[in-house]
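Both of the next two complexes hold chain A, though its partner changes from chain B to chain C.
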Partner chain A sequence: MNESLKRSLRLGLIFGIVVIFFMLIGFTNVAANMIGDMLGNIEQTSVNPELPVLNLVLFTGLMGLFTGVSATKKDGQDSWVQVLISGLIAGLSASIIIVGFILIVGSLHTQGVDFRTYLPNLGGNEIQYLMFYTTPLAAAVRFILIMVASSILGSLIVKSFSSGSTVNRALKSLQQKTTKKLDVQTLKSALGNKFILMGALVAVAVLMYFLPFVWGSYWNYIMGTVAIYILLGLGLNIIVGYSGQLVLGYVAFFAIGAYTFALLTAPEPHAIEMNLWLAMLIAVLVSTLAGFLIGLPILNLRGDYLAIVTLGFGEIVRILIRSDLLTSITNGPKGVTNVGQPFLRGQLFNDTNYMHLLMLLVLAGLFVAKRLKDSRTGRAWISIREDQTVAQATGVNTFRYKILALMLGAAFAGLSGAIFASRNQFTGPEDFTLMVSVNVLCVVIVGGMGSLPGVVLGAFVLKGLPELLRELSDYRLLVFGALLVVMMIVRPNGLWPVSRPKFRKKPLEATPDEPVEVEA
Partner chain B sequence: MIEKIKKIRFTPRLILRMVIAVALLVYLTWRVVQVTSSEAVFGADTWLRFLISGLVIGGMYALIAIGYTLVYGILFMINFAHGEVMMLGTFAGYFVLEAFSAIPGPGTEGVNFLNAQPIIALILAFIVGAGVAALFGFLLERIAYRPLRGAPRLIPLISAIGASIFLQNAAQLLFGPQRRQYSNPDLLWRGTGWMIPVGDKSVMLTYTGVFSFVLSILLMIGLFILVKKTKLGKSMRAVAENKQAAALMGIDVDSVISKTFLISGALAGAAGVMWGIHNGLFNHYVGFIPGIKAFTAAVLGGIGNIPGAMLGGMVLGLMESLGPALLGLDFQIKDVIAFTILILVLIFRPSGLLGEALTEEKI
Partner chain C sequence: MTRTAISVKNVTKQFGGLTAVDEVNLEISEHSISSIIGPNGAGKTTLFNCVTGFYSPEEGEIQFFDQPVQGLPTHKICNLGIARTYQNIRLFKEMTAIENILVGQHARMDSTWIESILHNPRYVKEEQESIDKAFELLEFVGLSDLADTPAFNLPYGAQRRLELARALASDPVVLMLDEPTAGMNPQETAEMMAFIKELRDSKNITIILIEHDMRVVMGVSEKIAVLDYGRKIAEGDPAAIQSNQRVIEAYLGPSLDGILNRKKRKKQNDA
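Then we have the complex of A and B:
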């Protein structure tokens, strides 16, 4: 009893701090806006800057609900009264912190203090809104009421869904019924049938061919970015996911590919204007070569050292590109404009053509990555990832395979760099900051290291979803950072983890079922 | 000697390394000779200025590098978010100084507290800066690293990268992306200092520079005493040596690790406040590059080795400020020099200047 109370208290305090953090970074107002969009209670053209108070109530209630849900034990062993109390405690402790904040900020604001010099998200309007357009004290009472009520509600919801309750049992029986209908096995055997498989593939191909026409250029742009990130993710997946070498300077190869392509095809500064496809090939080759040359001295390093060295390498490439030293070659900070675009039947590539090209390349990349993974090389990589010393002892030439992984990864990056430059018709040093490397790393890790569907899923989640939630674009990197930490703690294998290959062996007969004693 | 040489197996990779090393040496000496022998681009005063700025910045690098080394010595992980901890210290010190410059001083008319009691204001700024940074170092370990203890080494590193990105962006969202200016007391106004005559010109030895350098040396001495003489230092060394054995000897390993993060955070925070006082302008991005540089310094001196981190910081600071001039390169290349040093050290002497050869497990 005492322990669960402490737990509720602690979680309540944490959630209180989180809510204040949301207020300080201006997320509360953004969220209220989004809720307004969903409910449709904000007129698009309204001159009145006041947001409806209902949205803030809903947002606070949502936070209180989370507080209550996380403060309650999920095993359902607590009685209803205990659950009620823990929800109450959590809601109260969260609201105490929030109320303290609101009282301080609100009363200072009414005295005319301007916070915006130091906390740009606490402007007058925002504070007014956080006070429900009333006095600080009245706002505090409202916060307490909303937080406590919703927190208790959250606790009760947890209790009613926890094991042993009637709702839980009803859900389980429902689940059993539906799984019978939607049997995975039937789906699998259906896909095993050649004709059905072919039919599905053709349908998907036709769909993919026509989608870019239907979408329009905005969606083509977004999906093109996602596709470029899938390609990058596939490449980095070979390095990080298969061979287990953490490379943080992956953007360097992307930059090298983009710049090689741009310099070979743009009229400025070299006026080479080479054939596009040849230039693309050269870009891939140059980044592969860069991968080889970089890998040669540094791939003997392990883990974290390799990460920092490659990070340094990525930064070196960017600094060199924009430095005066290489301006004559790379055009310095101005970047390269008018990068060449391919022709199709006498016409310049439009967004649909780019989308088709990218789709084809993604499919080809997936195919290559899949075949690589299942090959002898892939198994060598995985053995290096699992244990380098053992891999070496079993006769794997670790250095050779690691450098091969880096080269192949670099080739993917070079290809996507070339397309990136061509599609934007521009490439500049600021396209290649460390954040690109981090984004790609996130794609690989969130999806699941070494998992191909994971890369695709990760690219959609991390590059596609933020485009849908444009209001939240300011918070994207914040969420990325938090996501990396949380993923590592909660689900280090990613959203779509690789299924480990299992030994197929006959079950031993006559194994006595001895209970295994576990020491407490 | 000859016996030793005979024992070396000349693998292609070794030969390649030697070729790179010789080529680099030849190039570097050629550049240095060329720059120094041709008509002097820089006078003696300029060199002295480079030297001073190198020492000042080196002191800060050394303080941050100690944090990397302490954590690495105990957990064998790179605390990637360490630079961000320093950034938070810079912000905390900034807010303290801003608050003091806004309130009036005791008894005096028209003088704010900052100039009426500059010593107290500075001490408080450093205490708060170091305290906030220490707190965040502690929380960082609790939230992002402790649940991952015993996981494969890639996993805490990725978590650290995530924490670094999170803290950087949180600071940007909280305080805005614009650059801010530290308000120093008049006593330590930037751009004032002693003039040292060199030939017919003179070089300014800024007050902030001397202040930062002296303070960083004092903090380093303090840390050295802490690690060598106190019980906490002893238990830290014991945990670094062998966690299990230390636990068997009755040392609370978790609490020692927490304290290590507190200490390294406090040092980084102090370095952050120094950075602000000496350089003036800063924003949420202030910790990133110094963080990586300080890591380079830690590796240069031999990671896990505290005197090594101090030496590495100083050497790196000097190399950065003297290097571009010596090699006759552009000053934009400064950052490249640090990274190049990092790569070269890791290739040719992974154990660093002062580090002993580490076992595979620790590298």
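Then we have the complex of A and C:
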């Protein structure tokens, strides 16, 4: 027996075990449900809980395909016959294990053994489904057929795409043709053309304007949350990403913004009911002031000490809000209800309006953060992050710039807090737990410290992806955690690491005619 | 009549029980090149740190053109016109070469964060001017091809020169170089010596060096101060220092005569 066949056998056995593992934890049924959602072929009722058999076939086929793909050598050295044999062997060895499992479980099930005592995900319905609603033997035959067929298919796919094959050559020539037509240079010069750039921007703007109407209130809610996290991330990015101060109590500023706005606009407990835009401005100012005041005593701390102290600050704000001491002011653990909502042409803001407002604010926030980053201020921040002592000896007033970073970051948090409270029409102390700080920090780190596209991407990944994974129900956080681990291994500097700006000398012909002013 | 750029009067700096700098007096005149030398642990860098505000001395006074500077925060001292480099290179590693120089110019710029968001004409002009100046400085130290390279990617010699350019970016009156030729080969060292001289002549600044390489020290300095165990043991021009008995003893240990004399004295004491 030669080496590649041994390899196919081994991989087949491994995949067989993986398939059984999926069956044991009930993932096969979850996947079948997901496939059903995609195909729209589930007509499940409480009377008839049966899932379409097709979905199980598809899922098993997919697993077989993986088996075949991984069991085949990618270098294209093997002949077609050899490839066929490896696919066959991999499929067979995987199905041997599966068949064993199905025969044992299936026959025990038919004799009335209840597995749920030990394996909560292996109930009667699930086992019936895994047997295609037939007998164990019939199910075993089907599994063999599906696995072997799909595994061979996988092997053939690998062979046809491997180097030297016809398909591969055809693909390469196609790639060359398309890249010649649409290479980066043409794209850049096209974007350099003002009209095309304007056209593209208008198209994006129109798309962004109409999307919230189209995709419904559920997606408006999700994307609104993502937008709020982008704003929070932009703010924390100034503090952590630019100036390098590890502040873990960022949620405090979020809470202060939300509560300021809520208390100023809600009928209870103060009945101030101020103009909303004014209240929003005051919320931003109050959080900025909070940033200044908290920054004064703590910003001389460095590293871990700063992290711990600010962590405490975040918790203190939440506990103060819900304390008996301030109940008369903040309404305590009950929270503030009926927070004000803005009007637009005599109508209360609906979810689409909020989405538009958030989009505008995110764009404005990105603009401000971008301009700050590439300026004297931004460079001073980054130099503080790199080496605080040297930054100060180079003339940067480190304390002032750290306070400034904290204040601007707090302003972003205050703004998103105000909108958060207004959109939910409610704000309570439990909205502002430590987890919010941790999540925002994750947004910044996953995206790439100091990187603006990174913040946007990070917010989508951390707040949007869990919603997409909702189908996986109980396994959502497991899968999500695994994705994060994989991401951090593959891209340790974040999804979109920051790139340093390029500078250009002033072109010679653009020398100004007027005399250069000499600064005193 | 040349003025005194930096005068150090009776400065003492202690770390716990260790007196790192012990009642040192030093006068550095304008437009001069001076060196501070001494064996390892003599307190040279500590003296530098006292002048640039990293440490505040327990006793004594440090004046910059008759203005007391001890106890001022380092950024204010930098604003006054004292710039320095470091023994172990301390660049802003993640920033590009030109960005390092732009940070160096921080003290000479005055646009605020609001202006940087608005991009008003004054801001745009100042930004472009400082970028142009940064390119000039890069060219001056021979790094114009590496402007957009992150500092950590630069070769060792280039890092040293970039650090020098960053210090020059703040238009200093006094430039303090802490072992500028450390780790350089003889040719690079010679280049650096020529560069230091040219710097003094073309930019008209006062330069203070800490250096171990005696060829550099004797080659460029007009005045040398020698420290040993925190005390100043000698001061003078290169020729005087080379023949100074205490300096030779500090570096090489006492001469044979000295040892014999000591033994003789010990015998007499015992007897």
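In this section, the second predicted complex is superposed on the first by the 296 of 520 C-alpha atoms of A that agree within 3 Å, B and C clash if a C-alpha of one lies under 4 Å from a C-alpha of the other, contacts with A are read in each partner's own complex, and residues count from 1 in each chain.
The working rule: contacts are C-beta pairs under 8 Å (C-beta built on N, C-alpha and C of every residue); 3 or more make two chains touch, one makes a residue touch a chain.
Since we're looking at a predicted model, the values are computed, not measured.
Chemist: When the two structures are overlaid on chain A, which partner does A:397 contact: first (chain B), second (chain C), both, or neither?
Modeler: A:397 contacts chain C only, not chain B.
Chemist: So in the superposed three-chain picture, is A:316 touching just chain B, just chain C, both, or none of them (first/second/both/neither)?
Modeler: In the superposition, A:316 touches chain B alone.
Chemist: Touching A:24 in the superposition: chain B (first), chain C (second), both, neither?
Modeler: It touches chain B, and chain C stays clear.
Chemist: A:298 in the overlay: touching chain B, chain C, both, or neither? Say first, second, both or neither.
Modeler: First partner only.
Chemist: First (chain B), second (chain C), both or neither: which does A:375 touch?
Modeler: A:375 contacts chain C only, not chain B.
Chemist: By residue count, is chain A touched more by chain B or by chain C?
Modeler: Partner touching more chain A residues in the overlay: B.
Chemist: Quick check on the superposed pair: does A:307 touch chain B, chain C, both, or neither? Answer first, second, both or neither.
Modeler: After superposing on A, A:307 lies in contact with chain B but is clear of chain C.
Chemist: On chain A, what residues does chain B touch that chain C touches as well?
Modeler: Of chain A, residues 389 contact chain B in one complex and chain C in the other.
Chemist: Within the complex, which stretch of chain C touches chain A?
Modeler: Against chain A, the touching part of chain C is residues 52-54, 73-75, 77-79, 83-84, 86, 90, 92-96, 98-99, 102-104, 106-109, 111-113, 116-117, 119, 123, 127-128, 130-132, 134-135, 147-148, 150, 166, 170.
Chemist: If we count contacts the way the header does, which residues on chain A are in touch with chain B in the complex?
Modeler: Within the complex, chain A touches chain B at residues 21, 24-26, 118-121, 244, 246, 248, 296-298, 301-305, 307-309, 311-313, 315-316, 319-320, 322-325, 389, 399, 438, 441, 445, 474-475, 477-478, 480-485, 487-489, 492.
Chemist: Flag every residue of chain B that touches chain A in the complex, lowest number first.
Modeler: 13, 16-17, 20, 77-78, 95, 98, 143-144, 147-148, 151, 153-159, 161-170, 173-176, 292, 295-296, 299, 329-330, 332-333, 335-336, 338-340, 342-343, 346-347, 350, 360, 363
Chemist: Can you tell me which positions in chain A touch chain C when the two form their complex?
Modeler: 367-368, 371-372, 375-380, 382-383, 385-387, 389-398, 404, 408, 500-506
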